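Structures are listed in the sections that come next.
You will see subunit A twice below: alongside subunit B first, and alongside subunit C after that.
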Partner chain A sequence: MIFEKMRQQIVVYALVLVFGCSVGFSQQPAPPENVNAFDTPNDAGASITITWDKSPEDGTGAEAVTGYHVLRKSGDSEFEVITKSPLTAGETRYVDKGAKGGPAYTYSVQAITASESTVNSAETAPVKAVGNWFHFGKRWIFLALILFSVAVVYSIYHARRGKEIFIRRIPGLEAVDEAIGRSTEMGRPIMYILGLGSVSDVATIASMNILSQVARKTADYEMPLRVPCNDPIVLNVVREMVRTAYVNEGRPDAYQEDDIFFLTESQFAYAAGVDGMMIREKPAAIFMQGTFYAESLILAETGNSVGAIQIAGTDSDSQLPFFIAACDYTLIGEELYAASAYLSREPMLIGSLRGQDYGKLIIFGALIIGVILELIGVTWVTTFFQRV
Partner chain B sequence: MRRQVPLALCFIFGLVMMLAEFSPHPVSQGIRKEIIDWSLIIWPFALVLAVASLVHTHWIRIRRRAEYWQYSYLVFIGMIVMVVIGIPFGKRHPAFVWMFENVQVPMDATMFSLLAFIIASAAYRAFRARTFEASLLLAAALIVMIGNVPVGDFIWNKLIPFGDDLPSTARQWILDNPNLSSRRGIILGISLGVISQSIRIILGIERSYLGGGD
Partner chain C sequence: MELFGVWVAAFLTLCIYSFLYRDNPFYRFAEHLFLGVSVGYGIVLSIHDGLIPFAWNPFWKAVTEREPAGLLKLIPIAIGLMFFARLVPKHAWIIRYPFAILIGVGSGLAIPNVMDASIFRQLHGTLVPFAQIYAGKLGPFEIFGAILMFIGVIATLTYFFFSVEHRGVVGGISKVGIVFLMVGFGSAFGNTVMGRVSLLIQRVDFLVNDWIGNTIQSLPF
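And then the complex of A and B:
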């Protein structure tokens, strides 16, 4: 009798255990579905993108999925986890930046629950990371660049035919002759400051182009042209450039190499050095053209205090108000880049300004059309430009 | 020939660098990196010439007894001390770091702090309401200044029965609308100017940086 009761109890316990286990196994989460791996577009060929549909139990259910791991294998090797920590629930995309160009990789996505039970998705097809020759994400920018370049080149070659092109008066550039003439009358030097940009900055190159035109005039007037530099490469380029300008004007004897010198690379030490020169030498004309930062106002105010006529120009839009406040003339925005053409009056250079104006016209037109369309409720234009 | 070689090099490298901007392929990016590395090599040679220029300038000042020539000795002393400590012991040596932190940093900070006073004098000139534009500038500046400090809103809310926090709201409107739109206009112009200038240089039409002429 006792043995019979014990046998019944054992059977009951065994049934409970088997039932419990079966319930436990059946609570394993459903795996992520539609796992897809593909070569990441528009990259150097060092990454593969994996996407998947969330597990049906992502964040819900008794055994909710709390995160995902991505697994990778190459050839016949075993899968290994490549995510350092689990991706959070709800994630459906991962970029494997550890993929190397060459071998084909297979991926699987592993769903994890709070009780750390896991389930792997089906394997993806093998995929290779391949470098792309063209970044299709930048195609519209490329197209715009080509169109703008064609407009500029067309205008340049149109200008070669000798047709006169109107360019609006830029007071800051009209004043260059006035500034140099004033220096000559007062017998004081001219100071040219190229800013803190390096030779790879387009604003510095634009500034050097203006300096070349200024140097031609100072060579004619035999006025000392002082150029303190803060970049060693700019110093050497400027020396060569000014020397050539003097030679081209037939005044190689007037060129003074010592007037173009290196001061320092430190921003505020440069400002202090140039300020000191302004106070001591009291230049009659100061040109500040190029890239400037916080030192712009320190320089411009000192120049103002010594009574110099100041012509400034910069591509740093945050410094423009300071120059406008402290200088007599300021080249704003693209005027800095138009200065060389304006001063030299070479037809081909002036032609490029016409092309630049075409570009502005197109942008202006697009802005007006965009505003009108947005006002009448057509939003695809705005959406298109936001995507670009 | 003296002009054609730099112009040809400028055309080739300018075009390659521009196209590399649109090509993420390892080969094009490798070429791009290589060109940038080459340009970096020029720097040390240019630095030697720059230091020679600095020494020459101050030596001439001392020899000619130019105004404040005594300070040129300070340039030499500073340069020699930094080189003597920096080259053999490296830039992390305590003496080198001490000089940087206790000499250069305070002097830089001094120059930077001068901006506060300089801005005041420049603002005084800019905001003199002599024309309509200057008056507009003055009014905008006053609103932005008052809106920038919490006490502006506090005083407004205490004294004026309508328009809660109007100074800071007006300030934000000025910054977000007239200010931002005009800045973007300038940036658009600058961008077109940069592209146009680059095309002129790449095609060899702009030669002023070579000293001008043909």
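And then the complex of A and C:
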């Protein structure tokens, strides 16, 4: 009797188990569909994009899909999960940035439910990551650069033909002669600080051009020009430029290579070193031109405390307020780029400056036309700038 | 041992702060130590994170595993070696080639990004509120803000015209531009000073709690 009851119970349990499993299997979500993998366009060849249609149970139903994993395999290897954490429900795109150029990859997208049951989609066709020579998504930037270059070349052509081009007064640059003259009268050195930028920073390149002009004047006045550098490559470029400036002025003998030296690449160690030099050498004029960060006020305040005439210039907007507060003259943003043309008055540089003004005029026009069109409900200008 | 490190850090902090009084041997000691350590650290970092993974390892792998494609790395290595030409005055002119490549590549990479971020994005950002004005999504205060921003952009842009004399209408608009610039700089100044004050508080907290506090706690009585 007892055995009979146990047998009945076992049968009941087995039936419940089978039923439960069958219910469980029947509640497995439908897999994502139309899974497609393709080489990501306009890249260097290190990524593949995977797209899919959401599972019908994405976020809905008893066994709602709560996320997706992307699986990848190469050749005959097993699929492996490449997403570190599941992509959220609703996602239909993933860019595999771990793909390497060469092997063909096959992908599958795995839907996951809250109860952690999973279902894989069909495999994609094998696809390879291939690098592209051109980024066609940036074609409008390319065209804008061409337009801008045409304006600059046209202006340079006119400037070289002897056409007089007006350049407005920039007070900070008119003070360069005053600063160097003051150093000469006081018999103290001139210090030129290029900031923390590398040789590829636009502000550093502009600063080196200004330094070249300043070096011409210091060569004439026979004043020592001290240039502590933060970047070893900038150091070498600067030495070459200053040497050329001295040679062009007919004073190669006055060029002192040791006055242009490397200090350190560390930001605050550089600030500490330059501060120490300012206090000990008491330069009569300090130029701070280039890319600056948090050390700007430390340098400017110390220069101010030794009574030096200070001419600063940077395109780092967060540091400009400090220079304005602590220096005698400050070149704001683009004034720094205009400085070498202003100081040298070379037709090519002045023509380039005029060309840049044409570029600004185009921006000016685009802005006014864009605002008028937006106010009457024509939105293509904004859409265009958004897509660029 | 940990407290010893705190003492060293506190001593160097005070050495650097002593500059606020005047230049002195303590500041000079900390300054030279800081410079020396940073240069040494920089050299090791350049070798460890630059020379070995990007030059030596690929080159050695190409040689030992006979991968001719890996030997392409010899081109940038050779360009880098050209910098040493300045050590030989007779061949110092060679250094101009790596300079030209560096500045050319740097400008080529920077200019399109500047064009995108500083022109197209800015233009888009200035125009978007006007699309919202047309759609009736902005309140009176936001409309005022959008118009103010437009005037600010136009006036500030006018200030940066260099080949036009700043007189008459242009001069007036550019003066408005200067006002906008100064308001922006004033706001940035205040914001950054607050950040700097928090750095000072952090350092004072280190001196008071980590240094003096921990030292007192570690005393046997």
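Heads up, the rule we're going with is that the second predicted complex is superposed on the first by the 256 of 388 C-alpha atoms of A that agree within 3 Å, B and C clash if a C-alpha of one lies under 4 Å from a C-alpha of the other, contacts with A are read in each partner's own complex, and residues count from 1 in each chain.
Operating definition for what follows: a residue touches a chain if its C-beta (ideal position, glycine included) is under 8 Å from a C-beta of that chain, and two chains touch if they have at least 3 such contacts.
This is a predicted model, so every value here is computed, not measured.
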| item | value |
| --- | --- |
| Which of subunit B and subunit C A:V152 touches, first, second, both or neither | first |
| Which of subunit B and subunit C A:A366 touches, first, second, both or neither | second |
| Contacts of A:I332 with subunit B and subunit C, given as first, second, both or neither | both |
| Contacts of A:A245 with subunit B and subunit C, given as first, second, both or neither | first |
| Touching partner for A:I167 - first (subunit B), second (subunit C), both, neither | second |
| Touching partner for A:L375 - first (subunit B), second (subunit C), both, neither | second |
| Partner chain in contact with A:S212 - subunit B first, subunit C second, else both or neither | first |
| Contacts of A:L235 with subunit B and subunit C, given as first, second, both or neither | first |
| First, second, both or neither for A:A44, with subunit B first and subunit C second | first |
| Shared contact residues on subunit A - subunit B and subunit C | 138, 141-142, 145, 148, 200, 202, 205, 233, 236-237, 240, 263-264, 266, 268-269, 272, 276, 280, 294, 297, 317, 320-322, 324-325, 332-335, 338, 353, 356, 360, 363 |
| Of subunit A, residues touching subunit C in the complex | 138, 140-142, 144-145, 148, 165-168, 170, 198-202, 205, 233, 236-237, 239-240, 263-266, 268-269, 272-273, 275-276, 279-280, 294, 297, 317-318, 320-322, 324-325, 332-335, 338, 342, 353-354, 356-357, 360, 363-364, 366-368, 370-371, 374-377, 379, 381-382, 385-386, 388 |
| Residue numbers on subunit C that touch subunit A, as the complex places them | 16, 19, 22-23, 27-28, 30-31, 34-35, 37-39, 41-42, 83, 86, 95-96, 99, 102-103, 105-107, 109-112, 114-116, 119-121, 123-124, 126-128, 130-131, 133-134, 150, 153-154, 157, 160-166, 181, 184-186, 188-189, 192, 196 |
| Subunit A residues touching subunit B - in the complex, by the definition given at the top | 42-46, 101, 131-135, 138, 141-142, 145, 148-149, 152-153, 156, 200, 202, 205-206, 208-210, 212-213, 216, 229, 232-233, 235-237, 240-245, 247-248, 258, 261-264, 266-269, 271-272, 276, 280, 294-295, 297-298, 300-301, 315, 317, 320-322, 324-326, 332-338, 340, 344, 348-349, 352-353, 355-356, 359-360, 363 |
| Footprint of subunit A on subunit B - complex, ascending | 21-29, 39, 42-43, 46-47, 49-51, 53-54, 56-57, 60, 67-68, 104, 107-108, 111-112, 114-115, 118-119, 121-123, 125-126, 183, 185-190, 192-201, 203, 205-206, 208-213 |
